[in-house]
Structures are given as structure tokens and as C-alpha cells.
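Would you mind keeping the following structure in view while I ask a few things?
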Amino acid sequence: MSLTIIPKIELSNFINRLLPRYHVAGPVASDGGFAFALINDPDELQLEYRTTILPPKKYLLPPREILFHFELETNGWVQASYQAHPTVLIGMHTCDLHAFQLLERVFTSGFPDSNYIDRSSQTLIISIECLAPCDAHAFCKSMGTLTADEGYDLHLTDLGEVYAVDIGSKPGEALLKEYARTRTAAPDDISRLNAVLNEKWPRFSYRLDFDVSDLPSLLSVSAKSPIWAQLGERCLGCASCTNVCPTCYCFDVRDEVEMDLQRGQRVRVWDSCQLDEFATVAGGHNFRKSQAMRQRHRFMRKGKYIYDAYGYMGCVGCGRCARACLVEINPVSVFNELYRLREVVQTS
Amino acid sequence: MIAPAIPQTQSGRTLVNDEIFVPEIGRVEKIEPLTALEKVFTIELPQGKSLNHRPGQFLEISALGVGEAPISISSSPSRSNGFVELCVRKVGDVTSALHRLRPGDKVGIRGPFGRGFPIENFRGKDILFAPGGLGLAPLRSVINQVLDERAHFGRVIILYGARAPAELLFKDELRQWEARGDVELHLTVDRGDEHWKGHIGVITTLFKDISVYPRNTVAVTIGPPVMYRFVLMELLGTGISEGNIWLSLERRMKCGIGKCGHCQINNVYTCQSGPSFSYKEIKGLEEAL
Amino acid sequence: MSQSNRPKVAFFDFTCCEGCQLTVLDSLQDHPDLLGAVEIVQFREAMSERSDDYLIAFIEGSCSRPADEERLKHIRARASIVVALGACAHLGGVNALKYFIPLDDARSYVYGDKAGWYDTGDVRPVGAVIPVDVFIPGCPIDRGEFIACVKALLLGKKPPVPDYPLCVECKLQENACLYTRGNICMGPVTRAGCGAICPTYGQSCESCRGFVSNPNDSSMRELLAKHGLSMDEVNMQYTLYNTYSMRDELKRRQSIHG
Amino acid sequence: MGRRIDVHYVTRVEGHGNIVVEMGNGKLKDCRFEVVEAPRFFESMLRGRHYSEAAQITSRICGICSTGHTTTSLRATEKALGVVPSEQTRLLRKLAFYGEMLDSHVLHAYMLVAPDFLGVGSVIPLASTHPEVVLRALRMKKLAGDLCAAINGRHTHPIAMTVGGFTHFPNPDELEDLRYRLEEARRDVDATVDLFASLAFPNFERETEYISLSHPDEYAFIDGEIVSSDGVTLPVEAYRDITNEYLVEHSSAKLARHQRDSYMVGALARFNNNYAQLHSKAKKAASALGLRPKVINPFLNTAAQVVEIVHCVEGAIAIIDQLLERGIQPEEPAPLESLEGEGISGCEVPRGLLIHHYWIGADGFLSGADCVIPTNQNIASIESDMRALVPSIINNPVNDIQLELEMLVRAYDPCISCSVHVVKLDPLLKVGDAIKNRQ
């Protein structure tokens, strides 16, 4: 598809035209930083933003979601609950875009998850190219998520006065056509875009000491590494790392009832493998009984298990977990340390 | 990687809906207390639905308002016809709520989930069953399937251990199996009582009473996590190959469909690729046993 | 709503500020149907009627004198389910700060010179006097959690009081962590369930809901020290509501350092 | 034959208190209001804690007036450390104060007092006999609570108040919404005035000394000097000259007296002393309720609370307007001028004059604290009223006497759990022994 140009002023008009039809969510200022939130006014949008605390995953897999309603009196009447509304997510960074692709894979393969699909199928994504690191902890360049070729409906690149818009899907194209005034890119725009894209790479640094394609095999020889015990001692078990992670999707399912104890709903809520009870079964047996095992599970999932199961890396390098962790446990140093330990073993 | 089960999503055939979390509603037909803690529920499936299950698969059973729990299918496919039997031990919220049910009450059902045992591959072989405690509940579906197709299998040996005589499950059925003459049944309890005349000792002590021809034997064992280590040692000691030793793993499960993450063992979702595994498949997985 | 079928519940208060009972009353604003689900047979703060026939006893406040102990036993003997309501009943709460009253002052009070530094007061959480079946934590309790716990009790399931750290809820609120704002916070070891209301309103968590069952204390203490707290200040952080459970630990630390 | 009334303990009040009356030969022999709540030693517990914790700890003196305790505590600390809060902080505190005043008065008038007049034992049967009354009370209480929560996160034990300011700020939308609801609530407020105007309060009068804060510019709640209806005006710092606390055997709470045997604090005292500064609508409500200063019937304390409900709703609307007009700025708390010092602050909490007095050492830890609670100041007055009231009704059936005495105690809206939180160490031996002996 040909490259399209939308002037920055026109972006506001575009959003204003979307608002009556869609929920529009994007980064806004919040509590001294930024958060994804539904907006009522394009002026709230802050497209140059530091990484948010929670990733936009909350729009596809909300922290609390009703799966279905039930009523006991009428012999166990059950009714699926779908609450999604057509939504345009604007301003997602490419790391989050990669995370969405993983979620899409997880929730649509095997037994498709109808509640997830209800949301994702009504969500249009307008992502934005990162031109400078958005957080000191980000290591997207190492993880190969600093740009994206797919997964978006529209993708913006800031060219100063205008945005270059890559069209990634038919619905994206239709959205643009119906709601935005754009023009086709001129040769100038294209060379400007290429320049901007070329200039951005040196601003980011690689932070893994090895190539990410080596990560799964590095982890497969690291199950017995002493590093897990060290992390286990330090880790507070607060689950901040997984709660802020765009690729973590584990959940718990609970029943809630009204006061009459007859009507109620089954809900799913985020859960975390870092919490004590996550792998505990009735009777008290815990299949991952130490925090060391839980930390190992976390990093194995990020760099190996998910890759083995779904072909996508379970970490997109956004750095949110590193920023959230109060005891400075983070993927870059853990992976680099494992790499160093392996090199030591191999050379000795 | 261990292949996950192929989802059976054709609605109307099983109790897996397109609306994946919404259970079908079954009706409690009969409830039989087995022990102080275990009851067997016979549940009538909703009109026109059948489970179409394989032995070793499980259902997600709902007590609406309280929650959902994975429960193994205890009846064998050969004896299904519109009903399913579940043996439930009362240990917590959902299982207690199930124990409070009365005939005629409704329960939510989703499933069957999991891979089940590849029973067709067991044909022609001697089969050694080694259930411990509640492990007999899921194993019963395999045993009865085998017994209903008795001619297709070689020897059938059952080594069953419980903590005390009062905790032995399905006592009537044990007697029937024993009476058949074509089943070698060995029972043991950890602690006897004044009426118990049988063997006393943990399940592994039964192994010395039997001899198997390892090349042609499949072993299926289900029990609590602690039991596996010892039983596996015995089984491997008999010379049965790792690929012919089968077991079923328990994990916390919240969805049954390979999403919620609770049952994950490394890259394997127990609910989809298991809960039945051959020892060969899981021996390399950290945290599996 | 028939009078007879509804489970009978009673509320009792011991040494406390009665804020939890007040929160119970306030929960009626959003859940007036609570009155249809249970029959309240005793609630001194709000009603004159009194009956000793009840299934569930909600107890607010700490035990702080011998007469309280008798009353608690009396209640236990009548109730099938005893619920400790709020920090004073659950943990001893601020009442237990009494254990800090210095020896000289303590001497002049009830126990004479027999008492050691920490044994002066006999403020105790309810669970230290009689068996408690359920606790609803918080200073004060959280309305929503109270209602959820009542429903769970009526359904015969475990009340949904979480056993994971507050940071979980704080992250879901997308609060900028207090540690990033030059502050400190007990969230990583404190039991969640309040929706991280203090961090959400800009104040550090002080563990009024008690600690999770398996806190990483040594790492937590290191974290606080790294953020500039002295040993004494760390102890202060640990004790505002939890002096009772910390008293032995404190005695040990104090005897090491004092 | 001697007759005896022993109400053990009075229900529908905060905390545990007993009424004991002994009568013989048609004469009153003895009457006491016994406070039997366990003492809590807040002042000694404060010693050795950091000043930043003082408000949080003293908030736990009382769940009902925790905003009042918190505000008073913060102001004492601020005075000690030379902190001058911003105008915005003062407005937000006042707004929260109005919220709490409303909450507490609605609770007291509707849920604790009204059942007596409507012939039931509690608000629960009222839900079926007078559902509209109960729903109105719940509605008003919810509004009051939401007002507090918008500022402080919750009503009971406020969160966002801190030394020098706030750690969280309501957004304009929340305030607009509250403003709208407050205006809507005027209908409920009118109905409240009508309801309480229709109740037949017992006809009993006893003139006494009425003490409250007073401020030249406004109906005093947070700021002002201490005034007495007997014509004394003193700065808050001289509170001890007014309160003169003392101990008696039968009470674990301290009592207070000024120039007479007893004095009264609370809504009625404020009404009597500061009537002129009430909002005009509140004055109208007062005349509908038949109140004109000086009111000397203690049962009418509840009616004075209803007048204050009107005043607080109007006051809250006015402050919200002011805040919206100024715009709310998230601001850092005002800085400390010094690290140690002594500070005294007084506020009019729902039940009357509250004093917090702190000594803060150079290390930032409290070396001493003193709190004077409204209910303590009222106990002697309650007993004086009982002594005056009983002879006039002594020939009535015991049950009627008892009910009337309970209603009298309730009219004061005593917060007994508060009152015992302040026993100091030196006289403790006596009180402690007294309690022990009785057990």
C-alpha cells in the first residue's frame, strides 16, 4: 500500500471524528508520568511519552473482566458477557505491538478465547514509530522490537509537521479513508521518512551482550544456574514485574454473587506466577515453592517457554518490569549474567 | 515439545462451547458417598450432548457462585450414554459446594479437556494399574474401558493403595473386579484396622508380590505427587520402558484450555498436553515431578 | 424476607475507635440489601435490641483487660463463626503501641515491677484470646471487602481476603510508586485487599492490613535501609499496626541494639 | 423501697457507658454516668513516635470524627513546627470538615436519636416502618462520606491529609458532581428540618455554661478562640484554664469544669455562642425548629445539629465554588520552619471542642502529648442534667425514667471510645485500680 501523509493538525480532527463512534484510548499524562486512558479530547493525547506503567494490554485483557452471568434460581441460566466496544488504540509503541501479536497468537490458537477475541476483533491499532528511547530501561533494540512490519492497522512516524502513515490492514485503510483527510506521500516525504528512520537507530543501544536468537538455547542450559537462588533471596514476590508486563497473560477465575446469592458472574482477573499461591493446589502442595523457582519460571517464560510454544519471544524489551522492580531485578542483567556464566563455563 | 490435544470445538457434540468459558448445565442424577471425604456423582448431561471422551480426560465442574474445579471423568467411555460419573473429594470451596448438592440440582460442565491416555496403543499389552488414593477415580475410567474390551488386552494387574481401609474407594467395584477372575487385584493400606486382613504397607510394597514381563507391559499410575517418585522407581526397576509408563499430573487449573498459566510445567500446559503423560515425555521437564 | 431463615449476626466492640462498625453502617449505603440477607440481632452502636442467639459474631477491637477476655469467651461459646473485624481485632492495631510505653511509665501502671519492657500491656488481637474463623483486615475495614466476605460466609466459602502484596493492586491503579517519589512504602510485604487506597491517595502504606503470610522481610528491610531509614525507623515502619505480632522480634532486636 | 436504674450499657452511642441511678423514698440518692470503656493511653503511645505519624495515630482515637482528630492533630504539629498551610489547604480542610460534620450529625440525628422518637429500638425496624426516612438518611450520609472521600480517599481515617497540606487533590469534575449532589440534597435537608421540627423533645431545661470556639469571620469550626457563655474569652493555648480536667472513681474518662460544676460543649454550645454567624438558611431552620439562643434544653442538642446540617451543606457548596473558581493546584505541603517545638490546636469537631497539644523534640519524635476530648468535657454536664432531671420525673415508672435518661445521654452524642483514649500516665494508677477493683 502506498504511504500516506497526515498533517499533525489533521490528526486531532481525525480523532474528533472517531470519538462519536469509537472509544479512543492513548497515552495521557498521569500521576507524574503517562498512562493509557480513554480520551474525550485529542488534546489529552501525549504521543511523545515515556513508557506507561501498565501496557495497553489492559484493553484486550482487562485486569477484571466478566466472562458470563448466571442465575441459580432459573435452573442455572448462563449468559456469556461481552462488554467490548469498538475501540481505537492510538500511540502504541512497537514493543507493545509485538506483545499484542503474542497475545493474539495465544488467545486465538488451540481453544480460541471468545472473550479475548470479542475485544481484539473490535480494536483498531494505530501505533507510532519510536524515534528515541522512551525509558532508560528499554532494550527493544536487543529484542528486535524497535520497529514493526505488521500487527497494526495504521502506523505513524513523526516527520515534524506531519505524520507518515503506514497502512497495515484493510480496516485501517477504511478508517483513514472515512475519518481522516490525508494526502499521498510525495517523493520528498518518502526520503524524509527514510532519513528519520535511519537516524533513529544509533540513538538506541543494544543492551544484551549476545544476540537474542541465542536466548532460548542459553536458557535451556541455565535451569540449574545459581542465579535463581540469588534472585529468590532478593525478590519481594510483589508481582509488579508481571503485572506491568505487556506479554504476561496469566489469569485467575472467580465467582462473584449478588447479595441474594442467586445471581452473579464469573470474572477473570490478572494473576501472577510470582505470587505464592499461583501453583498451589488444595491441600497446600506448591509446585513452585520457592521464590527462586518462581523467578526462574518467569525468566524461562520470557526467553524460552513462550518461544517454544508460540514462536514469539515472551519479552519485548519494553523495560517496564525493570522500572517497576524495587530490588532491581531486570531481564537485561539476568540474561547477560547467564550469558557470562555460560561463557565462563565454556571457556574453562 | 509435547503435542497439545486437538480441541474438539464442534458444538453440540461435546460440552465445549464456542463461548469457551460458559458451562453447559447438567443435572445431578445420583450421589453416592464412598468415604467420609469422597462422593460419586452421576450427572446427566444436557439433552443431545455427549462427552465423547477418552479415559484420563477431565471436566471443569462449576458450582455456580462458588467456582469451578477440574475433576477427572471417572466413568469409562464404554459406559457413558448420556451420563458421567465424577468422584469428588471434599477439600475446599468448590468441592464442598459439590458435596452439598442433592439429586436434581444443577452443575456447570465444560469439557472434556486434556489428552487422555492413548488406550488404543495399550491394546495387546499387559496392563499394570497403580493408583494411590484418589488416583483410582480417574484410573477407574481406564480400567473399566479395558475390562469392557477385555479380549484386546493381556494381563490386567491392579495395585491399589490407600491410607486406611475406610479410605478405599469404589469398594463394590473392587470386589467385582476381584470376582471376575481375569484381574489380578492387590490392595494395601498404610495403616490397618481391626477388620483389615489384607496387606499393610505403602503401595510400593506390593511390587514384590508381582512379576511382569516388562517388554509387553504398559503401566498407568495416578496418585499424589509424593507417591510418584517411589512408584516410578519401582516401575523403572521392573524394566518397563519410560515410554510405557503413564501417569497423570495434578496442577492448579483455572481455564482448562491452555491459557491461564497455572498448570504450566515449563513450556507444557498440563491441561492441554496432559494431564496424562508418559514418563518419557516429562522426565526432562524441570518441576514436573 | 422471612425473619427466620436469615442467618443471625451480631456485632461486638472492644477497645477500638468503632470506625469499622461505622464502615459496616456505611456499607449499607450501597448494599441496603444486606439487611435482607442477614438478621442483625446485636449492634450496640446502632441499636438497642439485644439477643444472644446468633450464628456469626463480628468482633471489632482488641482485648485489653480481663473483663474483655470473659466477654470474648462468652461470644465464642455462642457463635458458630467468629469474625475479627478490622486491625484492632485482627492484629492488635494501634492499641498495641502500648507495648512501647517505656518501662518506668509501665511500672507506675498496673503491672508493677514484674513487667518487662514489652509485657506491660495485655493488648491482644481477638485471635490471641479465642479461636477466630475469619478475619477482615484493615484500619478501617474496606466496605467492598466486608460485603464480599459476608457473601462468602453466607455461601459457605472462604472469604476472598487476598494473601498477596499490596503492590499488585497499586500497579493496577497505575500509581507512580512512592519509592520513585522519594518516599517509602510497606506495600511489598503488606496484604492487599484495600485497592492500595493509601498509595492511590499519595500516602505510603503502613501495613494496617497486616503482612502477607510469606513476606520477604530481609529484602524488605534492606530496601528500606537503601532508602535511608535507620534500624529504628525501619522498626517504626513495621509497628504502627503490627506491634503485637512484632513484639518478640522487637525485643530481640532491641536487646541486640539496646 | 429503693429503686435502682442500671443501664449497662447505653446503646446507640459510641463506646461503653453506664447509667446508674439510685432512688429511695421518692428521692434521688445518687446518679452517675459511668464510663467503663477500656482506657487506651493514646497520649503515652504518641510519645516516641515520629511527628509524621501523630495524625494517623490520633485519627484512630475515633472512627466517627477522625477527620476532626486528624485536622486538629496536623494543626498542632504545624504550630509546633512553624508550618503555614496554603489557602487551598485551608479550604480543602474546611470542606472535609463540613463533610464529616454532616456525616456525624446525620448518623446521630437519624440513626441514633430518631428511633427513640419513632418508637423503635434502632434504625433497622425503621427501614420497614419509615423506609423514606432511612433512605434519606443513607442518601445524606453517602453524600457526606463521598465528600470526605473526594478529598481524603475515605471518610473514616482520612488518607490524603498531611503536615502542611495534602498528598492528593480532587479533580474539578468530582467537585462539580458533589456540588450538584449537594444542591439536590437541599430537598433532603428541608425534609430533615421538617422531621425534627415535628418531634416532641422532652421539656427539660437547665441553664449552664456553654463553651465553644468562636471566630470573628465565620461560624467557627477549625479556627478561633475559646469563648464561654459566661463571658470569658481565651486563646486556644490557654485551654487548660478552661478545661481543668479531673478524675473521679467511677469513670475511666477524665471530667472537666470551668467556673461552675460543669459546662457543655457541642452543637448546642456552638449554636448559643455563634448563632449570628450561621448561614441564613440555617437560621431559618433554627426558627422552624423553635430554637433561639440561648437554648438551655440539652435534648435540643440534636436540633442544633440539624441546624448545623443546613449550615454545612450551604458552607460546602460555597467552598466548592471558591475552589472551582480558584482552580485546584496540586501543590507540595508547606515547609517546616523548625524541627522542634510545642504546638496547641483546637477545633470544633461534631461533639464540641477538641484540643491537641504536642511537644516535638529535635529528633522529630514526640516527647509529650495532651488531648482534650469533647465528651470528657460533657460528662459532668450529663451528670448535672441527670441530677436536675430525675427529681422531676421520679414518680414515673422506672422504664420511663430509664428511657428518658438514655435519651438525655444520647442527646449529648457522647463518643465514649474517644473519651477514654486520653487518660494520662500519672493519675492512671488510680483509674486503673478503680477499673480493676470494679471487675
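In order of appearance the chains are A, B, C and D, and numbering begins at 1 in each one.
Following the convention adopted for this analysis, contacts are C-beta pairs under 8 Å (C-beta built on N, C-alpha and C of every residue); 3 or more make two chains touch, one makes a residue touch a chain.
Nothing here was measured: the structure is a model prediction, and the numbers come from that model.
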| item | value |
| --- | --- |
| Where chain B and chain C overlap in contact partners, by chain label | A |
| Furthest chain, CA centroid comparison against chain A | D |
| A-B or A-C - the one linked by more C-beta pairs in contact | A-B |
| Where chain A and chain C are represented by their mean Cα positions, the distance between them in whole Å | 37 |
| Distance from chain D to chain A - Cα centre to Cα centre, in angstrom | 52 |
| Distance between the centres, which are taken as Cα means, of chain B and chain A, whole angstrom | 38 |
| Distance between chain centroids, defined by C-alpha means - chain C, chain D (Å) | 25 |
| Overlap residues in chain B, where contacts from two or more other chains coincide | 65-67, 92 |
| For chain C, residues that touch 2 or more chains besides their own | 155 |
| Chain A residues touching chain B - in the complex, by the definition given at the top | 67-68, 70, 72, 75-76, 78-80, 106-107, 110-115, 223, 249-255, 257, 261, 264, 266, 268, 271, 273, 278-283, 285, 287-288, 293, 296-297, 300-301, 304-306, 308-309 |
| Residues of chain A touching chain C in the complex | 30-33, 35, 52-54, 63, 233-240, 243-244, 254, 256-261, 270, 272, 275-277, 291, 324, 326-327 |
| Chain B residues within the chain A interface of the complex | 1, 4, 7, 9, 16, 18-23, 25, 62, 64-68, 91-92, 95, 106-108, 224-225, 250-252, 254-255, 257-262, 264-267, 269, 272, 286-287 |
| Interfacial residue positions of chain C with respect to chain A in the complex | 31, 33-34, 36-37, 147-148, 151, 154-155, 160, 163-165, 167-168, 171-172, 174-177, 179, 181, 187-189, 212-216, 218-220, 222-223 |
| Interface residues, chain C side, partner chain D - complex | 13-23, 25-26, 28-30, 32, 35, 40, 43-50, 64-68, 93-95, 97-98, 100-102, 105, 108-110, 121, 139-140, 197-198, 200-203, 206, 233, 236, 240 |
